[in-house]
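These are the structures, in structure tokens.
Same chain, two partners: subunit A is paired with subunit B first, then with subunit C.
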Partner chain A sequence: MDAEFDSSFFIGAMLDCLNGFSSVFILAFGLYIVYGLFKVINMAHGEMVMLGAYVASVSQESGYPFIVAVLCAGLSGGIIAFAMDWLCIRRLPERSSMSSLLATWGFGLIIAQGVRLYFGSAGRFVNPPVSGRIDIFGVPLPTYQAILFAVSLILLLQSWWLLGRTQLGLRIRASIDNPSLAELNGINTQRLFVLSFVVGGAFSGMAGALLAPISAIDPTVGTANSVTSFLVVITGGVGQIFSVLFGSVVVGGLRSLINSFWGITTATLGMLAIVAIILVFRRRSALLND
Partner chain B sequence: MPYSMINWKYYGIIAVFIASLFAPLIFPEYVLNLIAAALLLGLFSAAVDLSIGYGGLLNLGSAMYFGLGAYCLALTQQAGWNFLSGLAIGVFCAFILSALIGFIGLKLQRSMIQYALLGLVISLSLEQLAIGSYSFAGGSNGITNISVPDLLSFIGIKFKSDYFYCVVILTGILLFCLSFITRSHFGKLLLLVRDEPGKAASLGYDVDRVKISVTMITAIVSAIAGAFYVPLINIAYPGMFSVTPNMLVLVWIAVGGVGTLIGPFVLAAALHIFEFELGSQFVNWYMFVLGIIFVGAVMLHARGIRTLIRRFSGG
Partner chain C sequence: MKKPHIVWILALIALTVACSGKDDQQAANTEAKADRSNPPVEKVVVGLLAPKTGVMGVHGESMEMGAKVAETVLNKRGGINGKTVEVVVVDTQSDPAVTAQRARELIERKHVNLLMGTGLSSSTLAAIPIATNANVPFIYSMDGEAKTCQPGKPNEVSKLVWGAGFTERMIVRPFLSFLVEKILPKHAKSKVYFLGGDYVFPRATNQYARSVAEAMGLKVVGEEYADVSTTDYTPVIRRIMKSRADLLLVTNPGSAAVTFMRQAQQLGLSDKMIVSGFATFAQEAVSGMGNASQGVYYANRYSDLIDSPVNAAFVAEFRNLYPNQPLLPGPTVAAGGYGALMVAAEAFQKAGSTDPAAFYKAMRGLEMDLPQGHVIVDPDNNIFQQPMYLLRVDKQKYIVLSDLGLQKHPGLEGCSVR
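So, the complex of A and B:
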């Protein structure tokens, strides 16, 4: 009896860990696209996620199916990202610098306050598209969580294929490694940056919609989203697409795992301590070419 | 900064401070608390401006020193300790923390971005720590009911609004000290280290030590401001470590004028008073507008910041 209880607790903790991992991975993916590739830190990422959740909630209330809500949220994120680039980032003397970080932080403030002014401070809700549970060795797992896990795996594999195995990925990698040589070979690096930035923004918006059924939605969650995604990216580093996997495992998975045993405060503090240690001992070139 | 500008500015500031000494004769208690809180926020943003404007060191978690001073004072007051001992503990904690962050970010990593982000991560960890320690620090409610202490009781003086006078005089003195630092030998050295770290090193100065020293000064003054701030608003709360105050102080500095000390001081103080007078719906609008101004200010300063970062990575 005792041993059986232990094993189900253990499986439950493992499933929590997977859930934490997949939600954090989806959350951070949009930031990683921009930061990992072009080393532009989008501090407005969390606010774009929050906006995506609001768009999803509004379109669900208007009676559209969940998948349409996700697409609308992605569209809103893409538009915001394009506007940010057009208004500000392409006018800065250098893309990957402290000033783009600060400017996007300002945009984040604008988005958060705009949402607060338009929707008010009250929270909103999004219903999950599927209900029900799957039994995994006797431990119930919500179907929607399983879908999220599948989505994060698809995102990982698809971006690995896109960057590593296609012409477009080759061009993007070339324009990151050596921008001037890439331009000499007829690659429009500016256009590729805008493309990545808009795609990253779209992923931020979609993440908001996908995570909306399992998280709180109000104007203040943007900063929490930003911070979590940030921790993922700085923990994982920017080496390969799989480094975001590592970051998500540490930030999401490990936090959920510690949470099952010692509670949320210990989990958050432990996770932050691990991130700080990684940050201290990482080689400086790994973060930004500053 | 041209020197002819400094003089009349300082006479103006001295005049304002002397005028504010007469404020208790006119205004009721709550207005005095508001003015004192505004002055302390101004002092805090001037202190952070010393690091950013003169030292060229941008810490995204600057509010943590302010919050640390506030929390140390609130905790010690809760335990029934003396005000000055709480102040000293807060200053000491801020000193140690800034030394640690400076050492890791500026000496080990030598990276502005890492330094900035490390500050943010530590500030947010402190927020989590404050939220999590419910029995010790009141959790997300914070530590409430911190009353205004009798600061001057130990020299036998007690009169109406003595705390207000203490805050005004302290702010005046510390603001003068900050501006004195910028004009002293150390201030010149700061500019040299910011703009030409290689030359500073070749002249025999320890560049890292200068940078870490200026972050320590900022931390100490911020912690003092935070400690004096708590009794005025009766509460120390986890939001003091959150992204909002960290963002706000950068907005004050970027909009008030980087490297002027007095610009951020005046802007922070004035906005605090306006915020109180005009209510929360106005606050939402003004944060929205501040965000727009902030983006504009960043774009205007981008060239300066860019050269700054390039200089830093070179050194």
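So, the complex of A and C:
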């Protein structure tokens, strides 16, 4: 192998690592808001992502530009999340309980079967808003992948700013840390939860639209979306925005990096082994702290 | 994070995968109870093992539609030997274990006279011993390696299993010859890269295709298999591009190929090499690939553009039964399911009964015109001899380039039944 080959291979592997990270970060971000912050297990997350992809496909087919398709997908996710809260979650005795898990799971099934009934099982597609590639030291990077990376950075920074630097973020954190005390201080925790749940749902829908140009769209992809998203959130841990960043780096970035060197099967096994080790160590340190 | 939450999440994800087939199971149970309480109706019952969910989910519904069109056509004609034809569809979830369970249920509770379907080779291989032990004829209707030999006797033809689709030995050589002679550059030794889903059929196909390609003078520069649940193919695509192959052959049916082609388009893979493959660019997959499938050369046994009265009748009946189906007038898997059931019906009619031994005799050498053309049930191996068409994908539809004629599988070569 000559030097040129080595450097281009290394740059390609790094770019793929960033691609892998940004794809799973965007995919899991909506779940992070709902589960990572409020600990409500949204089992319908994968189906909401899938629905977002379908909405984007229909919007684009109807002649709307890609950005409108993404917004429509976000709107669909937000509406579904609001309906889920209004019909089920707010009526449950405790929203961060097993009952919310079952309720959202039921919603996921309804979405998946509804999509199958209406659209059939054949695949659909969404065209990316931009084609072409950017040349990075002689290694091509699809322009759309670069956009996805930029989107994931924007999401990360705006969440960090919103949660850590604004009054709204302070109220959300107070509602999560001690809901009773927050209520006593005049914070409407229920309203904040609904707002966060709807925003989380909207991000799930938008993730479906944003990832649609690089993935298959059919009624069966919801479960795979949920599995990956939960892996990210569980690996990263709950609470801080940087936890979802860490989860995405392990589940998406590391997997792509291992894939570049040793192939897909090793990458999947390696990523799962790393996730297992992280979970074991976290459990041990939690026990030690206790 | 509490540990029980993780356990619940995993349990529910597993249950989600399992639940779609639950309805079919319950329906089968309910109907079985009803069957026991009501007087028997004269019926020929066909159990369809359709992968309606999971990685082959895009094909399961097509398979069901094709079989339902055949059921409608046959019943309009008065059924089989005066008996009504009933197709009972169950979802195998693209899972071999579920396929085996559903096959058992169809045999024990619905008393099916014929089993059809499945998607992945592993699912078909799971269903074969169950059908064989229960003495129920079974036709697998999608493309796949030969599975018609007897378990433990690779040189003996099964009397209960038939293959209605293409095998790799029917499709690889003529298709590669076409690509080498007409499409690939002539100036140098062309290089080929194989990519497949990580299971039986792609590996069996590529193993054979590799030997054929090397015999034709092609240089194999890579062979790689990806788990069908893979969602990020970018490193694989970079490896393929780095290999400077002239031809990429993809054998990865279902939604996995859609994801691959969408990402390959982003990196401009098709600008660098000819992209083609086996059993990958079915109409359902092509509709999901969008313009990423533009210009792909493909060998297939069916196109809705085949000009024949039988195909016209099939298309008309399909339109009639499924007027809002976006894949109108029906993709390969639908035509394949339809054809397999029509051949079976002809054999039952000829046999005069649903007795498996009489059915086997009637199936041997049976000839029939199906939507894809003239088909012969090969008496040497139970695999349908059928015409092969060279196609090119244009705006997500097949354009027929040429008819390569009837293809025959040699003996029981490559049979994967152990």
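Following the convention adopted for this analysis, the second predicted complex is superposed on the first by the 280 of 290 C-alpha atoms of A that agree within 3 Å, B and C clash if a C-alpha of one lies under 4 Å from a C-alpha of the other, contacts with A are read in each partner's own complex, and residues count from 1 in each chain.
In the analysis below, a contact is a pair of C-beta atoms (placed from the backbone, for glycine too) under 8 Å apart; a residue touches a chain by one contact, two chains touch by 3 or more.
Computed from a predicted structure; not experimentally measured.
With the two structures aligned on subunit A, subunit B clashes with subunit C. Contact with neither subunit B nor subunit C is seen for A:S76 once the two complexes are overlaid on the shared chain. In the superposition on chain A, A:S256 makes contact with subunit C only, not with subunit B.
In the superposed pair of complexes, A:M98 makes contact with subunit B and with subunit C alike. Applying the stated contact rule after C-alpha superposition, one finds that A:S248 touches neither subunit B nor subunit C. In the superposition on chain A, contact is made by A:T228 with subunit C only, not with subunit B. Using the contact criterion defined above for the overlaid structures, shared-chain residue A:L109 touches subunit B and also reaches subunit C. In the superposition on chain A, A:A276 contacts subunit B only, with no contact to subunit C.
When the shared chain is aligned, no partner comes close enough to touch A:N42: not subunit B, not subunit C. Looking at the shared chain after the overlay, A:A13 reaches subunit C, while subunit B stays out of its contact range.
Remark: of the candidate stretches 9-17, 81-89, 135-143 or 207-215 in subunit B, the one overlapping subunit C after superposition on chain A is 135-143.
Common to the subunit B and subunit C interfaces on subunit A are residues 41, 98, 101-102, 105, 108-109, 113, 223, 226-227, 230, 234, 264-265, 268. By the touch criterion given at the top, residues 41, 87-88, 91-94, 97-99, 101-103, 105-110, 113-114, 116-117, 223, 226-227, 230-231, 234, 264-266, 268-269, 272-273, 275-276, 279-280, 284, 287-288, 290 of subunit A touch subunit B in their complex.
Those residues of subunit B that touch subunit A in the shared complex are 58, 104, 108-114, 116-118, 120-122, 124-125, 128-129, 131-133, 242-244, 247, 250-251, 254, 284-285, 287-288, 290-292, 294-295, 298-299, 301-303, 305-306, 308-309, 312-313.
On the side of subunit C, the complex with subunit A involves touching residues 1, 3, 5-6, 8-9, 12-13, 15-17, 19-20, 52-55, 57-58, 60-62, 198, 224-227, 229-232, 234-236, 238, 242, 255-256, 258-259, 262-263, 266-268, 284-285, 287-292, 325-327, 331.
Touching subunit C in their complex are the following residues of subunit A: 9, 12-13, 16, 19-20, 23, 41, 43, 98, 101-102, 105, 108-109, 113, 119-128, 131, 133, 140, 142, 144-145, 213-221, 223-224, 226-228, 230, 234, 237-238, 252, 255-256, 259-260, 263-265, 267-268, 283.
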